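Look at the two complexes coming up: chain A is in both, with chain B in one and chain C in the other.
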Partner chain A sequence: MNLKEWIFTTDHKRVGVLYLIGSIAAFAVAGIMALLMRAELSTIGPTITANPSQYNVWLYTHGAVMILGFQIPALTGFFANFCIPLMIGAKDVAFPRVNALSVWLFYVGVILALLTFFIPDPPDVMWTGYPPYSTITTGNTAMYSFTVLILGFASIIGGVNFLTTVAYMRAPGLTLNKLNIFVWCTLAAFVLQLIFVPVLGTAVSLISMDKYLGTNFFDPTKGGDVLTYQNLFWFYSHPAVYVIFLPFIGVVYEIISVHARNAVFNYKMVVYGGVGGIVLLAGEVWVHHLYVSGMADWLRIGQMVTTLMISIPVGLMMIGLIGTLYKGSIEFNTPMLYGLGVVFLFLIGGLTGIPLAVPSLTIGVSDTYYVVGHFHYVMAVAGTFAIFGGVYHWFPKMTGKMYNEFWGKLGFWLTFVGVNIVFWIMMDVGVKGMPRRYYDYAHFPQFESAHQWMTVGAGILAIGFALAVLNWIFGAINGKPAGDNPWNSPSLEWSTVSPPPHGNWPSPPSVSEDWHPYGYKKG
Partner chain B sequence: MHDKIRRGAAGLAALLLAAPVWAAGAGAKSEPKTVDPARDWDHLWNEVIVDITIIGILFAIVTAWFIWQARRRPGNEVGASPKLSPASAVGWVVIPIFVFLSIDLYTAANGWVLWNTFRDVPANRLEIKLEAGMYSWDYTYPNGVRTQNELVVPAGTPVVLRMTSRDTLHSHYIPDFRVKEDSMPGRITYLWFNPTKPGEHLVTCAEYCGVMHGYMAGRIVVKAPEEYAAWMKGEETSLAAATAPAAVPATATKPAKTAAKKT
Partner chain C sequence: MAHDAHHAEGHAHAHWDTSIYPFIISFGILFLAVAFSFKFVYHNGFAAILAMGLGIPMIIAGIAGWTSEAMGKGEGLSYGAMGWFILAEAMIFVSFFVSYWYTKLHVDVWPPAGNVELPRTMPLVMTFILVASSLTIHYAEHLLHLGNKAGFRTWYLLTIVLGACFLGMSVYEWSHLIHSGFTISTNAFSTVFFSVTGLHGSHVVVGLAIFLAGLPSVMRGDIDEGFMRTAGLYWHFVDIIWFFVVSQVYYW
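Take a look at the complex of A and B:
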């Protein structure tokens, strides 16, 4: 195994693994930022830094890197690359060299994001980059713009690649209604990326043009408008939530159906009602991020209805998941624990989102810790649990070896307890008035003990995540041989050897008429 | 036969869609004496939290029970989920859609009623201009009196803030009154609240505005009407004293006194 082979690889599985390594590294960095923030907030007043700008840089890095450097690349980079060609019985993706380009661009983006720590005036514009602050700050807004543009471009070419791959390279006999749920979900995510990433690219380009080139898109004294940026930004960034949600719930479908050895409940409901419904509604709900930012009243009321209607496709997907558990044969191994964990965490996250769909309730809790707690449950934590569960689930296929079950389960329980301590308390203090993005909460002294509990919870969950990553590293080096199909799944990726060779199968597979990726049979 | 089903479905749909609207309307009819958005906010918030808690617990119990029932054990090596007939597959889509949609529309209708409370400012209001900036809240009263980071208002009078910003985004958040709205350069936004009792309320910035965002705080001091009048008289006198000599030194005290009498 030499390094050059890996860097210049066009093999989709190796590209996938490169995405995984990069995104887990990004996760570690962004996670350390979270721990630094929690340490800072453990007491009122300065704790580990006396400089609020330092805290704001941590906050910026945590948000931007978790979303753009970890979740999106792990889900649409690692899982899509590793699983999709194997699940559809293809030798590789349609454009392997373009695929290599996309992972290189991803690394450029991550390195650019990490340079934040080494340049004199690091960006401090939060992951949203709202003007006027982003155009008048001394922080380096260009760094933010270019990081977003490069990662966005990587994602767009990935999207073109995978849509082509699934359209043209499915194994003979593999019709659309026999695709894995994960494949459907990821395709839908790429459709959203292709539609909406250009809008984000426009938005972040315009703030840098305003700041450095003297344009006035967002300067009202010269005919610009401040709110336009927020509209453009969230017109992408709300669909981006589904770009994360869809693949991660797809991963959870794979985990749950395999480890419950059960067919997906009402497959067509999940695909056409759930995935399709989310794609249809994704672009019509962005104003719920702007309920208190001075939007027109009719738009706030109109998008309250569309936002509430998101509960329909998401509810159908939850019914599909719970229905898949019904009368299953559930083994409580590590990937399944993560999968089941997502069901409960997402339930909390989804339901606590209902009040936030209503502008008149949001007027009270917007920009408080309630919102932070909610979106961590629904997207950050649920998504990360799905990613960790998914890595455990496909670990035997990636490496041909088995991870350690005991350390895996211990890691899961530590993180599960930790996230509930942190984010449940966070929602509670949010409702009582604690605003987000505060370096210091001197005028909310009543929340100090709650902040200390959250810091303790953050420490617990960090240990859990670290155990999981160490478990993979040790498992990949000297785990026990896992065999080709340790979970006895009929899904195509398990039909080749572990790890699959270049080209995946010696001869291209084909599937019979009664085959289905979820067709579990007795005996 | 098909017609009957279609008519039945249409009737069911109409019923499910009409029920939340009717329920929300019924709530709106019992008009309270004073309009207090904060109190109505607490009411709707508690109602929604109770609803989602019930839904959440039901879902969680059902899921936990399914998981326990379906654990792998001898005789249960492979799942046996029922194969759905086309009709029941469609039913599993249509019925949940109606259930979710009726919850959605019920919530939306209640939310809209409360929204109108938050946006329709009563006529007997006190109009205050607010200019936010890094990092202070600058209030201007209708008579030109200005204060910074402390807004004194009379109890029992609704207060509306017409807000703008001189630099970045800010959000004037009063946790006790459950209300906030961003302010920004180039646009005027507004919020209103109804201070019913004398007391002090924290004001804090809820939209990231720069390095000292966390320290951008102020307070709203609600005084009894007579105390407020006395305070305002003092402010007016000092305003007159401060501005008059610079403008027209000799006759400055006269117009200021008449202005004070009018209030």
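Take a look at the complex of A and C:
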């Protein structure tokens, strides 16, 4: 293997694998941060550190790296890169060098985030960076700003690249109604990235400008306004949930459709109602993150309505998944287990989100573990399960080899049990009044045993995830040959050899009129 | 049988395309980010200069190498891509303007203390120059389309000169205001004024840089029409944004 051809590669599949390696490494680091926090919280009082700022740094790294270093790059970096050109029958993306630039900018962003552990005064501003704390702390806010800016720029050029690729490079005969659901979902996510990432970039630039360059955006004594930041930040960061949700639910659609051997239920409803509805509503719900920050009532009520409304397209996408399972011939292999796990976990996460949409109910549980439990179910856990299931699903295509089913299933069940222990208990103690972000909970001794259970659950799920990653590594080295199309899928990415060569197909493919990515032969 | 042939050909394809420049540019940007921290967080000017000294040459060399490697080899897709990129760029300006309106309409007293009288004629002249440059590049593209390369070169150079004039006037105005005690940290309005005009100015710089990157090929005569159309589109965008800048920060 030629290392130079990997590092300087411009091929979309190799860029995708680089994204995967980087994002799994980021996942491991951010996961260790979570375990450190869980260890710290396993007893009242100092457990493994006596320094609350240390806990803040873990919290910062966990949140920022999980979202910006793991989920978004794994979904819009790895899956988009590896699958989209193959699914549309293109030889590569529109701008291969831009693609290489975006993956290396991603690595640079992750390196900046990891420098946190080696620099004096590391950033301690959570993943949100709210002023005035972020503009007065002794922590290095600039590091946070540059991490976000660089990762954001990487995803913008990635988005431009893929939108252009799908617009102009589809195989002859591959019309818009024959795109895989994953392609639709990811394109929608890229449109959201292009609209909203620049707003986040602006927001995080402004805090560093205020702190280091003497501007007054958030300084009320000079006529500035602190709440501007929260609005700008959540104007991106709520749609970021959909930037994660859309590709991961797209991955689950591919998994469930193939392993249930069933065409996607109501394709047009999913694409136009589900994906389209989310894109239209994504930018009109951010105020529900500011219900207790001092918002005018007309804004809170208006955005309560839009927040409740967005559960309609999201619900349509869930109906599409359930409908695809209906009367399918379901095979319970590892990718399918993860896919079904997402359906189950996302349902819990989605339903527990509805009370949070309503200001009168939110005020009671705002800043408690209930909120933490809810969003971990809805995006952290569901998203990560989809990523793991997707890697298993396309593993034979990537490597030409098969993973081990036994260890795959064992890993799945351990994580599944682990996450439910951690996050169900989290929602429970949240409703009972446990505030989030606390380094110590001496005022809430009644929650000590719940915290210990959560720590145990975190340990279990960590073992499960580690098993999965080890399974991939061993499978890639000495798995059994998998063949070109082990799942018998009609989708285009399975029509080339495994692993696909540079250029993907010896000659460019074209598709016939009765071909469809979900056209399974009934037998 | 067909399947086997398919396999053999797939494995014979040993060559994978590479490019070193994206890698170099990315790490150049890393050094710039580190330099900012050295200067403003750790107050170590020497280390900052060292990091910049590494980062800036890497970025320039990367862009130069990239341009010479890729110029003229595109598939004519850059024009469509530029549309999407402009959407993202426009959103940066939208966030600045909306924050500005939000702050301005939200606070009790506006303008905040410390404002000075902004010049009235200069921005009009600058508007005139920028609009003129948009027209000249449009006309240049028209000539290129007709195959008149010499005419294209003249109007292309004129566009660069007009853009540089605009930039010069911005610098003059900034230094004038800063000398009269109106700086970026005076109050919330000065913050908005300098950051929005600065942001727009930086886009003028990028637009000019794109034109300059295309200049060698224009002088040689092997002009990439797709590249020029894309560069022109970006320049029109910079021009249109200026209308918002000038109307919001100078006259409202």
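Rule of thumb we're sticking to: the second predicted complex is superposed on the first by the 522 of 523 C-alpha atoms of A that agree within 3 Å, B and C clash if a C-alpha of one lies under 4 Å from a C-alpha of the other, contacts with A are read in each partner's own complex, and residues count from 1 in each chain.
As a convention for this text, a residue touches a chain if its C-beta (ideal position, glycine included) is under 8 Å from a C-beta of that chain, and two chains touch if they have at least 3 such contacts.
Worth saying up front: this structure is predicted, and the values here are computed from it rather than measured.
Chemist: For the three-chain model obtained by superposing on chain A, do chain B and chain C clash or fit?
Modeler: Overlaying the two complexes on chain A (C-alpha atoms) leaves chain C and chain B fitting together cleanly.
Chemist: Of the two partner chains, chain B (first) and chain C (second), which one does A:Asp225 touch, if any: first, second, both, or neither?
Modeler: Touch status of A:Asp225: both partners.
Chemist: Roughly what angle, nearest 10 degrees, sits at the C-alpha centre of chain A between those of chain B and chain C?
Modeler: 100
Chemist: Between chain B (first) and chain C (second), which does A:Ile354 come into contact with in this model arrangement: first, second, both, or neither?
Modeler: first
Chemist: Considering only the touch criterion stated at the top, classify A:Ile301 as touching first (chain B), second (chain C), both, or neither.
Modeler: First partner only, chain B.
Chemist: Would you sort A:Lys432 into first (chain B), second (chain C), both or neither based on which partner it touches?
Modeler: The answer is first: A:Lys432 touches chain B but not chain C.
Chemist: Could you look at A:Pro52 and tell me whether it touches chain B, chain C, both or neither (first, second, both, neither)?
Modeler: The answer is first: A:Pro52 touches chain B but not chain C.
Chemist: Of the partners chain B and chain C, which touch A:Phe375 in the superposed model: first, second, both, neither?
Modeler: The answer is neither, since A:Phe375 touches no partner chain.
Chemist: With both complexes overlaid on chain A, does A:Tyr168 touch chain B (first), chain C (second), both or neither?
Modeler: After superposing on A, A:Tyr168 lies in contact with chain C but is clear of chain B.
Chemist: Between chain B and chain C, whom does A:Phe344 touch in the aligned arrangement: first, second, both, or neither?
Modeler: first
Chemist: Upon superposition of the two complexes, what minimum C-alpha distance (Å) separates chain B from chain C?
Modeler: Value for chain B versus chain C, nearest C-alpha atoms: 10 Å.
Chemist: Kindly list the residues of chain A that each of chain B and chain C touches, one partner per complex.
Modeler: Residues 219, 224-225 of chain A touch both chain B and chain C.
Chemist: Quick one: which bits of chain A touch chain B in the complex? Just the residue numbers, please.
Modeler: Counting only chain A, the residues touching chain B are 52-53, 56, 124, 126, 130, 132-133, 136-137, 219-221, 224-227, 260-263, 265-266, 268-269, 273, 292-294, 297, 300-301, 304-305, 308-309, 311-312, 315-316, 318-319, 322-332, 340, 343-344, 347-348, 351-352, 354-355, 357-361, 363-364, 366-368, 431-433, 435-443, 520-522.
Chemist: Can you tell me which positions in chain C touch chain A when the two form their complex?
Modeler: Interface residues on chain C, with respect to chain A: 6-7, 9-11, 13, 15-23, 25-27, 29-30, 33, 36-37, 40-42, 66, 69-70, 75, 77-78, 80-81, 84-85, 87-89, 91-92, 94-96, 99, 102-103, 106-107, 109-112, 183-192, 194-195.
Chemist: Help me check something: in the complex, which residues belonging to chain A touch chain C?
Modeler: Interface residues on chain A, with respect to chain C: 2, 4-5, 7-11, 14, 94-98, 100-101, 104-105, 107-108, 111-112, 119-121, 140, 142-143, 146, 150, 156-157, 159-161, 163-164, 167-169, 194-199, 201-203, 206, 209, 212-217, 219, 222-225, 228, 231-232, 235, 496-497, 500-503, 506.
Chemist: Under the touch definition given earlier, write down the residues of chain B that touch chain A in their complex.
Modeler: Touching chain A from chain B are residues 41, 44-45, 48-49, 51-52, 55-56, 59-60, 62-63, 66-67, 69-72, 76-82, 84, 89, 92-93, 96-97, 100-101, 103-105, 107-108, 110-112, 114-115, 117-119, 167-169, 171, 173, 175-176, 178-187, 189, 191, 202, 204-215, 217.
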